[in-house]
Amino acid sequence: MRELFWLIPLFPAFGAAFLILFGRVISRKLVSWLAPSLVGLSFLFSLLSYIQLNGVWVKELFSWIKVGNLSIPFALQFDPLSSIMAVTVSGVSFLIHIYSIGYMANDWGYNRYFAYLNLFTFSMLLLVLSANLPLMFIGWEGVGLCSYLLIGFWFEKDAAADAGKKAFIVNRIGDFGFLLGIFLLFTLFGNLSFNYINSHVSAVSPGIATAAALLLFVGATGKSAQLPLYIWLPDAMEGPTPVSALIHAATMVTAGVYMVSRLFPLYQHSGFALELVAWVGIITAIFAATIALAQNDIKRVLAYSTISQIGYMFAGVGVGAVAAGMFHLFTHAFFKSLLFLCAGAVIHGVGTNDMRKMGGLRKAMPVTFWTFLIAALTISGIPGFSAFFSKDEILKEAYLSGHKWIWAIGVITAGLTAFYIFRLIFMTFYGEYRGEGHPHEAPKVMLIPMSILALFSIIGGWFPKSFAHYLSPLGYIKVIEASHSLEIYLLGASLILAIIGIYIAWLVYVKRKGKGWNFGFVYRVIYGKYYVDELYNFLFVTPYRKGSELINRYFDKGVIDRTVEGSGEAALGGGNLLSKLQTGLLKDYGLWMATGIIIGLFLAIRSLL
Amino acid sequence: MIALVPLLILVGFGIIALVLDLFLLRWWAKLSGYAGLIAASISLFFLFSKRGKFLNGLLVFDAKGIYASLLILVFTFLVFLIADGYDLKVGIVEGELYILFLFAAAGAVVMVTTSHLLVIFVGMEVLSVASYALAGLRKDELSREASVKYAILGVFSSVFFVFGMALYYGETGNLFISPEAVANPSPLMTAAALFLFAGLMFKASLVPFHIWTPDVYQGSPSPVAGFFSIVTKIAAFLAFLRISGFLVNPAVRWFLIGSIILTVIYGNFVALRQKDIKRLMAYSSISHAGYMAMALLLGEKGGWALLFYLSVYGFMNLGSFSVISSLVENNSLDDYKGLSKAAPSLAAGMAFFMISLAGFPPTGGFLAKFFLFSEVGAGGYWWLVVIAILASLLSVYYYLRVVVYMYMKGRVEKPIFAYFPSSLLAMFASILFILELGIFPRTLIYFLRIFI
Amino acid sequence: MISAIVFIPLFAAVIFIFVSGKNVKFFKIASLAVSGFVFLLSIVPFIKFEAANPLPQFQEFSHWIGFGLNYRIGADGISLMLLLLTTFLAPLAIASSWNYIREREKEYYIMMLLLETGMLGVFVAQNLFLFYVFWEAMLIPMYFIIGIWGGKKRVYATLKFVLYTMFGSLLMLVGIFYLWKVSPNHSLYFYDLYSLKISDSTQILLFAAFALAFAIKVPIFPFHTWLPDAHTEAPTAGSVLLAAVLLKMGGYGFLRLAIPVFPEGFRLFSPYLIVLAIISIVYGAAMAFVQKDAKRLVAYSSVSHLGVIMLGIFIFTFKAYTGGIYQMLNHGLSTGALFLLVGMVYERTHTREMERLGGLARPLPLLSGFLMITVLSSIGLPGLNGFVGEFLVFMGSFEANKTVGIFAALGVILSAVYLLWMFQKVMQGKVKNEAYMKLPRMNLREILIMVPIVILYFWMGLYPKFFISKFEKSAKFMMEISSKTEIVQVIDGGGK
Amino acid sequence: MWNFIYWILFVLSLAGLGVFLFCRREDRAVASLALTFASLGGIFALMGHAFLGTILVMLYAGAVIVGFIVVVWLIVGKSGEGKSLVTISSIVFLAVAFEVIVLLSWKKAPFKSISFSTAELGVFFMKDYLYLFELTSLLILTAVVSSLVILRRRK
Amino acid sequence: MSVFSLFLLSALLFAGGMAGFFIRRDLVTMLLSSEIMLAGANLALLTFATMRNSIEADAIVLIVLTVAAAEVAVALAAIAVVVRRKEEATERTVSEMKG
């Protein structure tokens, strides 16, 4: 497999190219066979190479840019870190391809949808397998592009188009930082391949390293929707649900975490950057969790929950526990995509996203309900399910590495997570049905991937220790053994909070039918998503638009154009004025000549004096 | 005495034409006019080897003079072609048009081939007397006014020239333009220079003395205006070249520089808003006169650039006048609207002339400007070149404005024009010459730089 | 060989004059055939060009007017690439105007061929006089194209275009006079001018004159107001060639003339020029964002993109320099394509007001696909051609001066903003009026125009070495000359 | 005594000029010019250029000015009154008569400064200024033709 | 009969002629005033000749007079044509073309 691992990204690439070129021509059946099988193939290949992996495989296909002392090869690298990502990405994407066959069955853009999905898988795999930063940047922006295409898939809906554009632009802002990071790294190291940077990081002063790390982190926040640049993710729910499942749960948003862990030595070397990553992560976690409490759109809730879970991952990596962060990423990919798929099934059945119009779907959609419950239990960290191990691993590492505050916030967020996820369950599956029409169970082709994912989200968490050992060859993975009693104490704390959360949710939404809660000022603020969107608009978008309009009307047309036209008109006016001199009267003509002579004489006399 | 031959041929055929016209053989008179011009120019070629001073110094038959006379004859020939169809259309029945052209050309040849002030004066008078009549030929109200204005101002300017001659004579005792006489900066000589310049600047239409140009061009018939715009200028500038020795004297030099700056600026600015094509051509000729006058600042050294510029300018101007006269006296720019659809060849020709007058590269106009301005610049007047270049930017506007009217402005009724075979021939000939001068002028330039 | 490439269109145009204007079909096919043939012909020097030698190859010389004004043509790496860009785009532009131009086809195709000769001449001229002749001769056909076949305010736009450019080039002409007089035995051959010793103060003046002429042509920030008018009023093919090739002449002029001949002047002016380039990037993007008319938006976008190119050249590090030149080619392709597509939309809907357009992706899926790829290429999506150029320029400028790099990279965000905004306004959302649902699909001709361009996007994006290696040596050589180090024989070492 | 005559001529010419400039009546103004020219002729004679003096008096005072008077009458005639004829003719007559006297007696004037006779002038013309002599004939021919062309009435 | 007085007279005549050109409105006066200026110039020429005692000056004056006469004749013809059509010949009648 050593020689063939570079084929992994090329299968979906070929798929995407084929579908784009001949999308209009081939039948739906062929597409629904071709697209998933290609992704399946690449999943198979990544699984095989995962198994046979020993050490680090690097394959340079051709030299992409070679100008002066800058040379960027088109090189792919397969090592433990990227192997995990490759497997998760291709696996989840394969399942979602199958799920989409059912979900998108009666959509007129069917072929176009699968083309974009394949393109996305290709870009994500390229991002994950790239051996140097610029190549990763191709995947990085490619993924941004596909999220733009897929969010704005139903482009006839203005909201979708706006959301797509917003997503791309916010990502672009992140990429701006990422690009500057690449430049800074190049000026520092002269070579942009990960291995080179990681090995030579000590040669650079921590201050510069912090700057470079932070710039890259700006890119990461843009891509993984962390605090400053998270605003695009909630709107990204306009796209089809499988898209949200794949992109906005499992793969794209985790790219930031992968990038940080890939360049972990750089962050470690800079120290301060690592702290910042941790704190940004944990604050985003709690911030997003609070917003999720009050959302009524089922997909918005899941979106905010994704943001907060990724916040956890960043916190994990930030406190130095790369293995824990990656492990949480691995498990999160499964249960979060499952949550989204179930939400998809619910929407497929009910036809609306608004939870207030749902309720009592337990009987109507039993399989969806059960898979949804499993995922909910996992996410709230109930022992026995995968998230319990990964999330608590992070909290343990945080506590042990001295970040007491981070641990505390983490635990509170766990409680909040449990509350909003069960609020969602109770509002959708319990009580009586509040919407019109009769909800029906999703078709089998959707249920199978959901159940597989449910299975994974359970067994996924059973081998935390081997996960760390698997990553150890990377050299910067440290495994801390905590005293048994301390571990129990930590686990207990988050467990209790989770149960309290569930109970409160049960109390509010099942017993008092969701009316009792005092919809005070706090609720309205949370519901309004802290008005962050409006703030951004107020601070950046409107001034930019208004400012440019003003400049365009008054400065561009007013000043510059005016000076140009003004000089033209002045010349014409001058022409008119001077032509008045030609009065047509002979007397004046004589006067002209006389003045000519007089001036001449004056010059002559002056030259004498 | 041989050197007199071209002049004699010219005047001889003029008189034959006069006699023929007496017997109302109008066509024959024209034919003898053509014959006279051709014979004279051929004689010039033969006599090129016999250069020198004749008739005790009054007739200077040097390379400059010969080339200028050749130019005068060629351009008069072109004017003949243009006038050929035009005159019947406008009602100038008499044959005198051609006779007057011949005599005027003779006067110009006289002016060009001498360095004696009195001969220049008499040549100038022959030229202007014929021009007063030519200006009035159209027999309508404007034409009469043009000839009266030209006559009176002409007399007025000739008096200046005479007074200049008197002072010159007072200082040197004879009227030969000798380099050392011209150079001494005594007050009398500066005054003499000023008055002589006044007379010549009137003819060359440089600013303080240009005021006759617009009205006379507008009033006189188109071929005649064409004739004025180039033949008078050649004669005036050659005479100027002869007495350019005066420019050593700072007062005189600053007087000319001042006039050049005013000419270039005034000529270009006023032309911007002109509605009548002939007035526009008048102002364009004023501004071109300003450019040519710059070559005078270099004295003898700038001669070749001046002559090259004159030759190219001649073809450009007469080409445009051939088109203007094909539109037979409806001269406002609105009459040119939609010409490109009605008469594509005329419009294309006019557009070509306008573009070459504006000085766009592939045409001769650019090359002429290139040589002229670089010579003047090399002479140390870089700032003057910059002013002239910026003024010529204005000229691009009004030249292209004519093209705009022809190509880019539609019109309801068809423009009135007539296809005269001879003026078409003149037009194509000028296009060919401009392109030839613009792209393959090597032989001409070698000739000019060696002999002048 | 190269003279043939340059003058075949001219001969064809002259022959066209004598063909009667009635059979329009003949003109369409003949002009396409001629420019197509010229393109094929121009591939030969591209192949035969050996990259290692930076000096101009395929030189042809004749005395022409003598006294230093002689006819000398040759192409080094940079001019070869720009030559190819022109010959590649000319047939596409001509093909795109087949049913766009309804009246006076004969004059139109004559003007297009004359324009092509003018453009080709500028890039291959090695003598300053010849360069200036082509530089201005090319204005006349453009004047007619915008003037006769343009939109409503065409007269104003075309006069403004000609006068503005003339203003700059006339000042340059005065500079040429000076050089003609000063240079030893009146030689205006570029490589003689490079070794000319001029005193610093005159160098500054001359550089200012040359820089002004090229800055107006590029256009850099304060001199750009002619561009939007010229573009909105020009017919599609006109604005394609105007944007794709004419604007490059400004950059080429700086690169070939202004900087190497007056290095002292350049050293004095370069900080201001860099600042202006950055302002053009940001300003162009901001203005593009608020335009109502699609073509004006694309016009301002080319102001912004050219800001990037000029930054590459002014910042004067090797990577940025090569990136700038490479970006010239990319910008030519992507903006050319943008204009072609906007033209195709205009042909169908007869309006360019973005308010009235919308939801065209449904009736014109293929066109919206092409527009998507073109928008991505001009945004600089990695993997496509735009990215390589911008990446090099930004990296080079970041290396030279951090703040410059940061502000320049800002353009990455802004360009995404207005281009996606335009894409959404034109293609996405609901169809504004029902008639648009039944718009005619892209016919074969239009597809055949766009396909080669898209292939080039990917080819230049994924395998740029193929192109960069051709002009890399010449670029390094140009830089060495411009920094007045003695012209040491070009050794194959790493660049600065 | 001769000085006295010279100063009379001097004053007379300036007087003629003054009348010409400031007199309202057209014809009288033009007539006064005859006086100026005549007195100028006298001065020329006193200076020794008798030939030129006579030409000036006869040619200018006689022919040219009278021609002008005719044209002025042409203009004024339509509206002016007749009696000014007497005054005009008397001024002209007086001026011419006075000049004739001076011309007859210039030989005795003391300031004869030039030493050549009119005959020599003729010879000079034929020898040095021959070319110019021919040119003036060409000029006169052209003048005649052009004035005829101008005056011709459109048929 | 001092030379100075002669120069004074010629200067006065010249200036008077030039003034005449502007004072009176009608064309004939303009023409005449040119004649006066010309006479002044001739006088100046002759005074130079007396100082220099050369024969050439006479020839020059003679030629200048004939030339001037011819020119004035044509100018007068032009004015006559205007008068024939327009009854009066002031500069107002010939101010049709301007600008």
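Chains: A, B, C, D and E, in written order; residue numbering restarts at 1 for each.
Criterion: contacts are C-beta pairs under 8 Å (C-beta built on N, C-alpha and C of every residue); 3 or more make two chains touch, one makes a residue touch a chain.
Everything numeric in this text was worked out from a predicted model, so none of it was measured.
Undergrad: Among the other chains, which touch chain A and chain D together?
TA: Of all the chains present, those in contact with both chain A and chain D are B, E.
Undergrad: To reach chain D from chain B by way of touching chains, what is the minimum number of steps?
TA: 1
Undergrad: Which chains contact both chain A and chain C?
TA: Touching chain A and chain C alike, sorted by label: B.
Undergrad: Using mean Cα positions as chain centres, tell me which chain lies farthest from chain E.
TA: In terms of C-alpha centroids, the chain at the greatest distance from chain E is A.
Undergrad: Specify the chain most distant from chain D by Cα centroid.
TA: Centre of mass proxy via C-alpha means gives A as farthest from chain D.
Undergrad: For the chain pairs A-B and A-E, which is connected through the larger number of C-beta pairs in contact?
TA: Looking at contacts between chains, A-B has the larger number.
Undergrad: By Cα centroids, which chain is closest to the centre of the whole protein?
TA: If we average C-alpha coordinates per chain, C lands closest to the whole-structure average.
Undergrad: Express in whole angstrom the distance between the two chain centres, defined as the mean CA positions of chain D and chain E.
TA: Each chain's C-alpha centroid was found; their separation is 12 Å.
Undergrad: Just give me the whole-number Å value for how far the CA centre of chain B lies from that of chain C.
TA: Once rounded, the distance between the two centres reads 43 Å.
Undergrad: What is the distance in Å between the mean C-alpha positions of chain C and chain E?
TA: 66
Undergrad: With chain centres taken as the means of their Cα atoms, state the distance from chain C to chain D in Å.
TA: Measuring from centre to centre gives 77 Å for this pair.
Undergrad: Where in chain C do residues touch two or more of the other chains?
TA: Where chain C meets two or more other chains at a single residue, that happens at 163.
Undergrad: Taking each residue of chain E in turn, which ones touch at least two of the other chains?
TA: Where chain E meets two or more other chains at a single residue, that happens at 21, 27, 30-31, 49, 56, 63, 67, 70-72, 74, 78-79, 81, 94, 96-99.
Undergrad: Can you list the residues of chain B that touch 2 or more other chains?
TA: 118, 122, 125, 129, 132-133, 136, 147, 149, 152, 156, 214-215, 274, 397
Undergrad: Which pairs of chains touch each other in this structure?
TA: A-B, A-C, A-E, B-C, B-D, B-E, D-E
Undergrad: For the complex, give me every residue of chain B touching chain D.
TA: It comes out as residues 11, 15, 18, 55-56, 58-59, 91, 93-94, 96, 99-100, 103-104, 106-107, 110, 118-119, 122-123, 125-126, 129-130, 132-134, 136-137, 139, 147.
Undergrad: Taking the touch rule as given, give the residues of chain A at its contact with chain E in the complex, in rising order.
TA: 579-580, 582-587, 590-591, 594
Undergrad: Residues of chain A touching chain B in their complex?
TA: For chain A paired with chain B, touching residues are 571-572, 574-576, 578-579, 582, 584, 586, 588-590, 592-593, 595-597, 599-601, 603-608.
Undergrad: Show me the residue ranges of chain A that touch chain C in the complex, using the header's touch definition.
TA: 20, 24, 62-70, 74, 134, 137-138, 140-142, 145, 148, 152, 155-156, 158, 161-162, 165, 168-169, 172-173, 175-176, 179-180, 182-184, 186-187, 544-545, 547-549, 551-552, 556, 560-561, 564, 568
Undergrad: With touch defined as at the start, can you tell me which chain B residues reach chain E in the complex?
TA: 118, 121-122, 125, 128-129, 132-133, 136, 141-142, 144-149, 151-152, 154-156, 158-159, 162-163, 165-167, 169-170, 173-175, 214-215, 218-219, 274, 279
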